[in-house]
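Look at the two complexes coming up: chain A is in both, with chain B in one and chain C in the other.
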Partner chain A sequence: MFQYSIRRIFQSIPILLVVLTLVFVVVRILPGDPAVAFLGDYASKESVQALREKMGLDAPLWLQYLKFLKNLCKGDLGKSIMGYPVTSQILNVLPYTLELTISAIFIGYFLGIPLGIPAAVRRNSFIDYFNRIFSLIGLSIPAFYLGILLMFLFSIKLKLFPVVGGGNLSDLSSNLRHLFLPALSLGLIMTAYITRMTRSSLLNILREDYVRTARSKGITERVVLFKHALRNALIPIVALGGVYAIVLIGSSVMTEIVFSRPGLGSLMVGAIKQRDYTTLQSVMVIYSVMVVILNLLTDLVYGFIDPRIQYR
Partner chain B sequence: MKKGYLPYCLIVSILIVVLIGVFGVGAAEKLSKDQVITIAFDVGDAKTFEPHRAAATGDRPIADMVFNGLVRYPPGNQVAVEPDLAKSWKVSKDGKIWTFELRKGVFFHPFPGYPNGYELTSEDVVYSFKRASTPDHSSYAGEYSGMTFEAVGPNTVKITIEKPVSEPLFLAKVASYAGGFIVSKKAIEEKGAEWFKMNPVGTGPFIFKSYEPRQKTVLVPNKNYFRGAPILKEVVIRYMPSVSSREMGLQTGELQIIEGLKEDKWVEKIAALPDVKVKAFGPCETQMLHFNMNKEPFNDIRVRKAISYAISREEVATFMGKGLAVPIYSPAQAPPAPGALTKEETLKAEVVYEDNIAEAKKLLAEAGYPNGFKTEVIISEMESSYKKPMIAIQAQLKKVGIDMALKVVDHSSFHSLIREDASPIVYYAAWRPNVDVFLTRFYHSDSVVKKGKKPDTNFSHYGLVDANGDGKTDSVDELIEKARWELDAKKQMALWKEAQIKLLKDVVVVPIIRLKYAFPMRASVDLGNPLEFSWATYAPQITEKTRILAK
Partner chain C sequence: MWTTFLKNKTALIGGIIALIVVSVALFAPWLSPLDPLEQDSSLRLTWSSSKHWLGTDDFGRDVLSRIIWGSRVSLIIGSMSVLFGMIFGTTLGMIAGYYRGKIESLIMRTVDVSLCFPDLILAVAVTAALGANLLNLIITIGIVMTPRFARLSYGIVLTLKESEYVVAAQAIGASVPRILLRHIFPNIFGELLVAGTLWVGEAIRLEANLAFIGLGVQPPTPTWGNMTREGVDVLINAPWISILAGLSILIAILSFNMLGDGIRDITDPKLRGA
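Coming up: the complex of A and B.
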């Protein structure tokens, strides 16, 4: 397994390189001069030119690319257009994105599995229809819109939770209060995914021969369901946690903006608007690394919970 | 009444008056215990803390709170100037030498190595202006060319200008705006320019405390502020691009002031909320439609005039909401800015072409477009300042057969593309410090995009093309320059107005509306200034007098 992991990590390097090259080119193809975006339309031509030179934007593209790769290899992500170290920016906001993603996955599993089981067991019953409608809504509604609805109910009407910022990481109570609504809005979307997945996976398992055999042996329905069927049905659900996390990282961008939370998503959107190439490239590096790691973890977890899978 | 009761009645009356005075006024002015103001802007992040670079909505208020100038535009009513760090000034007879006497006892904010700050001297002032003249550190370097700065005493600064300008134009250069902010020489020299970038040190009512990227900047009061210690205990500037989040933050009380949408209906909705007040203030931006005379068919004055006739400013203003939008007729700023043409002046000069579909169709037919034509215009995604008014104009032009497609791009791309001469019409929203700057940057031949000597925002190419079809190149360069060096303010304004009338006669541009700003705030916020005309910050100004009243 160790050898497999090392091999996978090395295999990821060309993928990362392609992604980084694409990001580097795409941000520069976008019309919009970072110097004008930074200085504003009132700035004089001389000032814009001076800043362009200072930022190294007047250098040939290939030279900028090589410099970017060289700095990246040294672990230097550079400074934002404002002059703030990008590494510090990312380290400051990364915990907020991670806590949001992990909480949302937790909510998704915590609610999704118990909701999916009765839907599968009592197929075409009221509870099944209810769950199907719930998950359809969950899959259709954007997380940021759900966030606004939750803010309206819990913050404006009930005055229970704050709506601005991410709270203080060193103050657990403040942090949890700020985390609850964004995590819930993403978590409910996640719940919809997991409810559907649980239902369909369990339905397939319940039709298997070994379940029928278990029933014919006179084992109680509860034992059949939880010991024989659910354990097997959970394999793809749990293993796909990594894939869900990738989906969530994407959805969290708007949620972070709506809740004015610090995070990689809001960092990235701000960087796009400001044509802050350095920050944007660095955030994309982090995102790419996270996706590669999560994919690797998914594969490893799959093998761990399903003995039929072997690493070669 | 018996004589004996009179003194008692008098005493009782006086007591009642005193009690009403004490408790009445006391109740009205009782301060909240929580003197923290959080103001949220519609931006993703701060762009800079360097005052000579600050140009964005989220940055100018910080420069305004942290720094001072030699003179300032009074908070909330920025029309005339008043003393700031300079207590007085005088100018030589030839208008070339300006001498400023500084206030004594003004201290810079504390910074490492200077726990109590240090007293401002003329050295700091000279250093600041020299820095403002350098493109490496300032966006406004061009404003200070031909000027030299000298400290002639610890509290006396002499500024020499090669070509004298009128008082309003000169004082604008040394006001607490753009390049006029005074920075701490010692902080920059001893701690380094890179350090200063993230740690601004000034003399203003608030001290920079901290910055969290894409989240917030925190300022704390400067207890040694020369106008008196601020009442507020903290000012938090939040960067929140989502309007619904700002709106909800205001409702929950987490935010005290928010940048609103420049839309009437939204403002009305917010104003109806409990404990929220909104006051629209001006002028903040003028919106104009510039014709690119380098592109057909806009090189034909008849086509331009036809478009002008097809447009109804009143309709655009109504579409935008008349609480915030006001029709304008001046091609350089809008009243009350000194030197901007009023509607009456343009009517008198017979240069108003508007709201006449029949005339528009007639002119189009004369120009060879009896059935109109198709064109594609690049426009910014920004709703109130660009997209929405252009949608109104698009509908108006449809009535005369002009099919104007709008290519919507993000704001940064818009600025790049229009500077590359890519759009036949440029709808532009701007405010500049005075009419001279406006005329120079939008209509002087040097400023023509791509082709000018100093390419800037002359999108029409006026000054390099024959605008009215008489075979000669038309220009207002001479009038602009003559006005700039005119020392008599009245004559200067007359020259500015002459240039504006010529621009309107040649239909270079169609002034459309000016759009006021609306920053909803909690009813308990008392800004301590009138909030009438706040162009230098784009936002309500928070000063040492700003406070939060108890409910």
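Coming up: the complex of A and C.
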């Protein structure tokens, strides 16, 4: 396991480098000059040139790239168009994005596994059909639309939760009240993925020989299901959590915008509208680092619960 | 094949709804009761009436007509971007799978890296770079779809390459393009079509997401995404705008997902009901 982990960690370094290079290139091909965006369209040529020099934009591309990597290693993400350090801007909103995605993943597993089990055990029953329709809708619904529906019902009609905002991080009750609906809307989408996965994984396992053997030994159905089948069925469900989390990170952008929550998504969209390329680049860097780490964790967890993976 | 299709409820219902959605988009000029851009300031944010069945929006425009016209943008971008991804992705995947070696490493590692980005974040960055209009959105979402088709076709080509008819074609001296196009491609087309149907739904969702952020086809052209966005600002007084426009997106995506799921079940009996 140790060797496998070390090998896998080293493998993610080149991937991270390629991803970071991709971010650097994408941001460089964006139209418009960041210096002009900073100073406004009516700035004089001289001041634009001076700022370009100050921002290091007149340097050759490879030098800019090396500087980008060097600053990244130091944790310095540069300054936004408004002159604020991007690192602290990101650190301010990151907890909001993390609490949203983590609680959505939690809701997904908490509801998804118990919903998926009866669907697999009683195939083609009412609960199975209900589950299939639920997961089909959950996999199809855009995150922003589910957010709007929940907001309309619970915030506007029933007035149970605040309509917009992220709440105060230091005040637990305000924070939870603001978090509930966004987390539920993302969590329900996650639930659809987990339910579907649990159902199909358990269905496959229930057809295995060892399940038939266990049954023929006269073991109660309960023990067969929870001890023999479910344990093995959980391997792909748990391991794929990372992959689903990446899908969720994408959807969280939309949820943050619908609920006007502070977060990486809102920061990214704001940066595009203001043509603030430093912030855009930094948010994309953070997203890519999150994705690479999640992929790494997925593989490590997979290797841990299914040792066969380590030898492939 | 047809009888199996008709027996599969998921595919049948999905297919019928998808057909209705496509027909609405095709016949929008004849189905739409009013001009989707015509404003009537005396009738702002009014709910259903004999003239405006689904009410009006903030500019007094007819919501039903805008939803009908909005289907065009979603479907054009959804289908064309998937076609774009299918053409480029399949070409790359087939080349990587057939040639192996350095070309394979280069193509497939790039594919792996781009697949590890969340779709929306990749699409946001590319749209910001290209600018938001119909053609650019097709290209943007097409770029997001390309690696998926590349990975899919690569996997199939790897197994097909060893099959007897490909070896036979090689033995009689058929050229590589001929082997890829005449012998391998017809055998992967079925799977590409199933995946393509499912991914049309994904592409429609991606377009709606971009439009909701403000990076879609720009107003006043009606799209379901920008209608939902405009409706959020008046959600308290006129909830129908967002709810109905969003519902149209959901129905369209759902129909393609059901159709794709159903066809996959039909073509691959091993997956039936799984």
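We adopt the following convention: the second predicted complex is superposed on the first by the 260 of 312 C-alpha atoms of A that agree within 3 Å, B and C clash if a C-alpha of one lies under 4 Å from a C-alpha of the other, contacts with A are read in each partner's own complex, and residues count from 1 in each chain.
In this section, a residue touches a chain if its C-beta (ideal position, glycine included) is under 8 Å from a C-beta of that chain, and two chains touch if they have at least 3 such contacts.
This structure is a prediction, so every number in the text was calculated from the model and none was measured.
Asks: Quick check on the superposed pair: does A:I205 touch chain B, chain C, both, or neither? Answer first, second, both or neither.
Replies: Neither chain B nor chain C is touched by A:I205.
Asks: When the two structures are overlaid on chain A, which partner does A:D33 contact: first (chain B), second (chain C), both, or neither?
Replies: Only chain B; A:D33 stays clear of chain C.
Asks: Under the stated touch criterion, which partner chain does A:R123 make contact with: chain B (first), chain C (second), both, or neither?
Replies: second
Asks: By the touch definition at the top of the document, which applies to A:I257: first (chain B), second (chain C), both, or neither?
Replies: A:I257 contacts both chain B and chain C.
Asks: Report for A:I286: first if it touches chain B alone, second if chain C alone, otherwise both or neither.
Replies: neither
Asks: With the two structures laid over each other on chain A, which partner does A:L181 touch: chain B (first), chain C (second), both, or neither?
Replies: A:L181 sits against neither chain B nor chain C.
Asks: Could you look at A:G83 and tell me whether it touches chain B, chain C, both or neither (first, second, both, neither)?
Replies: Only chain B is touched by A:G83; chain C is not.
Asks: Tell me which partner A:A239 touches in the superposition: chain B (first), chain C (second), both or neither.
Replies: A:A239 sits against neither chain B nor chain C.
Asks: Considering only the touch criterion stated at the top, classify A:L136 as touching first (chain B), second (chain C), both, or neither.
Replies: Only chain C; A:L136 stays clear of chain B.
Asks: Overlap the chain B and chain C contact sets on chain A and report the shared residues.
Replies: Of chain A, residues 30-31, 148, 151-152, 156, 257-258, 269, 273 contact chain B in one complex and chain C in the other.
Asks: Taking the complex as given, what residues does chain B use to touch chain A?
Replies: Checking each residue of chain B against chain A gives 38, 40, 44-48, 53, 55-56, 135-136, 138-142, 178, 194, 197-198, 211-216, 238-242, 244-245, 248-249, 251-252, 254-255, 409-413, 415-417, 419, 430, 432, 454-457.
Asks: Chain A touches which residues of chain C in the complex?
Replies: Residues 109, 112-114, 116-121, 124-126, 128-129, 131, 201, 205, 208-209, 212-215, 228, 232, 235-236, 239, 242-243, 246-247, 249-250, 253-254, 257-258, 261, 273-274 of chain C touch chain A in their complex.
Asks: If you look only at chain A, which of its residues touch chain B in the complex?
Replies: Touching chain B: residues 30-33, 36-47, 49-50, 54, 80-84, 89, 92-93, 148, 151-152, 155-156, 159, 162-166, 257-260, 262, 266-267, 269-270, 273-275 of chain A.
Asks: Looking at the complex, which residues from chain A come into contact with chain C?
Replies: 15, 18-19, 22-23, 26-27, 29-31, 123-124, 136-137, 139-145, 148-149, 151-152, 156, 200, 203-204, 246-247, 249-251, 253-254, 257-258, 268-269, 272-273, 280, 284, 287-288, 291-292, 295
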